[in-house]
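Read through the structures below before going on.
The two complexes that follow have chain A in common; it is paired with chain B in the first and with chain C in the second.
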Partner chain A sequence: MVYQMLMNGALAGLIYVIMALGFTMIFGIMRIVNFAHGEFYMIGAFVVLLLFGSLGLPFFAAVLAGGVAAAVLGMVLERLLFRRLVHDEMPGMIMSLAVAIILKSLGLITFGPAEHTVPRPFTGTWQAFGAVAPWDRTVVAICALIILAIFYLFLKHSRLGLAMKAVAQDPETASLMGVKSGQIYRAAFGVACLLAGLAGALMAPIYNVGPYMGEMPMLKAFVVVILGGLGSILGAVVGGLLLGLSEAFLSTLLSPLAALIASFAMVLIVVIVRPNGLLGRTAR
Partner chain B sequence: MRKTYLAYLIVAALATLPWVVGGRYVFHVATMITIMIPLALSLNLMLKVGQLSLAQAAFMGIGAYGAVLLTMRLDFPPMLSVFAGGLLAAATAAICGPVFLRIKGVYFALLTFAFGQIVNLVFQEWTSLFGGNSGIYGIPKLSVFGMRFSTTQHYYLFGLVFCAVCYVALRLLERSEIGRIFQALKEDETLSRSLGSNALAWRVAAFVGSALIAGIAGGIYGFYIGFLSPDAFTFWLSVDLIVMNVVGGATSVLGPVLGAIFIVPLPEFLREARAFQLLIYGVVLIIFLVLIKDGLVTLFERRKPG
Partner chain C sequence: MNIRKLAVQLLVGISLTGLSIAGTLAEPIKIGVIAPLTGAGAQWGMAAAEGVKILAAETNANGGLDIGGEKHQVEVIAYDDKYQAADAVAAYNRLLNIDGAKYVFLVASASTLALKQNLEGDAVLGLTASVTDKAIDEGSNFMYRMLRPPVDYMPPFLDWVRDNVKERRVAIVNPNDETGWSQAQLTERLYKERGFEVLGIELYERAQQDFAPMVTKIQGLNVDIVELGSTSPATAGLIVRQARDLGYPGLFIKVGGTGAEAIVAGAGNEAAEGLVNVIFADRQNEGFRNLATEYEKAVGQQPNEYIVNFYDAANVLVQAIQKAGDADDAAKVAAAINDVLPIKSVQGGDLTLRGAGNREIMAPVYVGIIKGGQVAVVAEVK
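Right after this comes the complex of A and B.
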């Protein structure tokens, strides 16, 4: 039972981590709260619905295409709409809400309000320590781990990744060192939307695909980043796993609604005790 | 400021328009405007202290469900329930506010978003009390001094009175010393705290006031529509209120009023599809954010230097 809950929690938590990473990165670098993050998740899922569900392309090709589609759209929108509002928190939030409304309505217009099912590329289950895990969720978790590893290497070792971290820590000094902030904003938005799109694409066969599918993952991402500290990469990882595990335990023992309320209570406690999140920077 | 009177004249003329045009449907749209104006004003009150609240729809829902259930389960007179519902929303804000407002700005927006989602989930899942997604039917009509509100016109008149009360209250607040404290808090918190204002207490007071207005508007809505379901109080309603404030102009109290008058009837021209309505809201919002930054209200105000 405990192993089962641990397993469920880890499988769910990894997707929360992927969602929260992009969200926290956009905030850390651009100071923009992206309320449209769930809509980029939706776009990834719709691409899988089209390419894999309808056209029958290979699943992983469709997933990659979903991520890339979200990333390209993210970069275009960043240049057109968000660039002018960098570091301007309130208008930035409102702009992201406008983008969220438009993307959602386009989803509604194109695919209708009903939810669509995507056939499962993987079926069956496997067992360890008496805990049962379905293969489809396991594949999602493995992919999430691979994405996380690539993301980690990208931040730690690529020039672009290092430049991003520099801009997040101190934009002025970074620009003195020759980092072009515009490029960094575009790249950060692109990578964040890529992560959201990949998450949605991977989850498409597990949950139903519809225009409202992005709301719950976005709520979870918000909870995760407040838990971990807004702008903190490590905080997003810790917060995501913490949320996944606590939800798995509480929804098994009590109910899914109780788990959600408990996660909100957890957020409030963190806000009272450590206002900058568990791993947020304290200097502010 | 001469031009402000022009705006008042236009609003007053629009308020009498339903009687000129006539028809049940026109009165329905007009009544919805009078319900949305106080809600847009309640968000404006939070914007005055520099905070974006995404919980206004939840407070409206708490007021609506609270009022309707008080009447249907405990036999409260409907009119008393409307105000009790407002107080219930205000009490919720008074409990949550001190925690939500400890950290401001982005965190406040995220916390109120999560709060709104969870309140809505409670409406959906606690079926024995709130009726779940199938909602609550058979809500009785409002009545004042024994006179039942039997037609839409009655609700419209009542809504107009409530709008006027909210507008005057917020206008007086804006001009009073409290208004200056709010403005100082928004512009330079450290400085205003050094002058002795208790930042947290004033912010919580604004939050409680805005929840009270939203809750009462919710109660009126509940008795007017006669049917309650959770999807009337989602996050997207809070977004609509932001659209009204941006379109009208959030810097003035008149702004949200103009915004609501402009925005609420808009979807009526394309009643068929919620999708196109969202699309139009989004496009309008971006146009105003990028091109007409201070909203419609600038048409009626002297240009400020600089």
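Right after this comes the complex of A and C.
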């Protein structure tokens, strides 16, 4: 059972990581707590519902389209709404809440209130050490690892990624060095929404798809980034896996409610003991 | 002379026009629906709201409700409670204080219990689909249940299960709210009374979508029946699918809440095969099919079976309002419910009144089994 709990925790944790990466990135670079992040997850899932579920396009093409749709919308909203609120945390948070409600309501009007099911592109299971893993969740986990690796390389080695890091560390100095902060904000918001859209698109066949599906992943992303440290990429990875594993163990050994309480108890402790999160200082 | 005659004619004309306008502008009768219109329970809530709306539309198409010779249109106002008591209270206050509704249909137990005292205090008539036995007690004058309560249909339903399935080791799964708690308690007792071994009770949050940890725990209990209780159909589909993925080979039973089609949609034909579910409507019935057609026109999907119960209950309500002859006095209307029943259900057969305080409208209940992705009605629960 321990291996099964580890397996469950790792599979869930990796998707939390992808969600939290974008969330923490927007905060790190723009100082905006984007409460609409879950709605970009929803958009990715709805695109897969349409393209793969209804039109029968290849699954990975639909996933890519879901991520791109979320990214494009994110960039448009960044330019129209969020740009003027960069580094202004409270108005930015309120703006993101308003955007979240509007996107959710648009999803409700377009797709109706009922939850939809997307056909499964992968079926069957595999086993290791007595632990069973469904192939569809395994594929999601592999994709999450690939996305994580690409994201790491992008930040570490691409000019745009380095510019993002520079703006996150010191926007004024970065600007003096010729970095156009406006372009960086747009790109950062787009990449963050791309990650959320990809996460939603990948999870669409595994969970139910509906206008309110982004609420729980958004909540998890929030917990993850508080644990790992707002703005910290490595913190998002550690926090995501920590949350996934703690949920898997506590839900199995105690109850889902105990797992929920424990995750927020961890948040409380981290906020009191290390207000910047477990890795908040090191990775900013 | 001509001028006087013209003046008289004008006066008569104006008076008649005024009377006619007064006739067409008779106050509409407002009926509220507080139900989960979004989220995992939306299939129940949407069916509830549309069932009442279809009945109202039919009444209005026939000229409206005749009360004391005056025709009243029936207006249905539905609010989303998201299965949350706090949202139900907000919706109720709006219905009462802004919309002016005197009649409220309720779906969720949490909402029903949250509003129970308000209904009595405000003299607002409530009709609920709540499964909890706490919904109606000795002090309830304004609350009716519109379907057979679990305490009434579950014993014979589980008698059928005992006599027709060989599995005996049960894990009970329910949402972590009033509906789930009351169902878990009741089903645990009823399963044990029939010789089943209840090895675990698992409660989950309604917004939850990942059930792998819960399934892992259940597999450790070595059960051969997972009782899904009052889990919403969409969530039940997820649980069934994830349990099959993790290798659970046993039987699923769902003794609370209908919606086998949505379970199949979520779980897939193969995973859902053999699932035993309580059914509140026979989908082959002509009355149900007519309602389903209307629902599909409005919503674009097939309805949950709850549509029958809410349509029937709305019919009982409008008949009672008409019988009471006073749409503003919910006490009179409540008393008139006793007079209008028995009444024909849209499915045929009589709706009768009995149960707790003679306040439960009894409708047919069936045992359904999923076979090849379709729900087959295999028995009526007597």
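Operating definition for what follows: the second predicted complex is superposed on the first by the 281 of 284 C-alpha atoms of A that agree within 3 Å, B and C clash if a C-alpha of one lies under 4 Å from a C-alpha of the other, contacts with A are read in each partner's own complex, and residues count from 1 in each chain.
One rule holds in what follows: a contact is a pair of C-beta atoms (placed from the backbone, for glycine too) under 8 Å apart; a residue touches a chain by one contact, two chains touch by 3 or more.
In this text, all values refer to a predicted model and were calculated from it rather than measured experimentally.
Asks: Do chain B and chain C fit side by side on chain A after the overlay, or clash?
Replies: Once both complexes are aligned on chain A, chain B and chain C clash.
Asks: Now for A:M19: first (chain B), second (chain C), both, or neither, which partner does it touch?
Replies: A:M19 sits against neither chain B nor chain C.
Asks: Between chain B (first) and chain C (second), which does A:L108 come into contact with in this model arrangement: first, second, both, or neither?
Replies: both
Asks: Just chain B (first), just chain C (second), both, or neither: which does A:A141 touch?
Replies: It touches nothing on chain B or chain C.
Asks: Quick check for you: in the superposed arrangement, does A:P91 touch first (chain B), second (chain C), both or neither?
Replies: Only chain B is touched by A:P91; chain C is not.
Asks: So, A:L257: does it touch chain B (first), chain C (second), both, or neither?
Replies: Touch partners of A:L257: chain B and chain C.
Asks: Going by the contact rule set out at the top, does A:L195 touch chain B (first), chain C (second), both, or neither?
Replies: neither
Asks: Hey, which part of chain B ends up inside chain C in the overlay, 171-179, 225-233 or 297-305?
Replies: Of the candidate stretches of chain B, chain C runs into 225-233.
Asks: If you lay the two complexes on top of each other, which residues of chain A touch chain B in one and chain C in the other?
Replies: Of chain A, residues 108, 113, 215, 257, 260 contact chain B in one complex and chain C in the other.
Asks: Which chain A residues qualify as touching chain B in the complex?
Replies: Touching chain B: residues 27, 33, 81, 84, 89-91, 93-95, 97-102, 104-106, 108-109, 113, 215, 219, 222-223, 225-226, 230, 257, 260-261, 264, 267-268, 271-272, 275-276 of chain A.
Asks: Which residues of chain C touch chain A in the complex?
Replies: Touch residues, chain C against chain A: 37-40, 42-43, 45-46, 80, 176, 202-205, 207-210, 212-214, 216-217, 220, 234-235, 237-238, 242, 245-247, 265-266, 268, 299-301.
Asks: Can you tell me which positions in chain B touch chain A when the two form their complex?
Replies: Touch residues, chain B against chain A: 50, 52, 99-100, 102-103, 105-107, 109-111, 113-115, 117-118, 121-122, 125, 235-236, 239, 242, 246, 273-279, 281-283, 285-286, 289-290.
Asks: So in the complex, the part of chain A that touches chain C is made up of which residues?
Replies: 1, 4-5, 8, 11-12, 108, 112-115, 117, 120, 125, 132, 134, 137, 207-208, 210-213, 215-216, 247-249, 251-253, 255-257, 259-260
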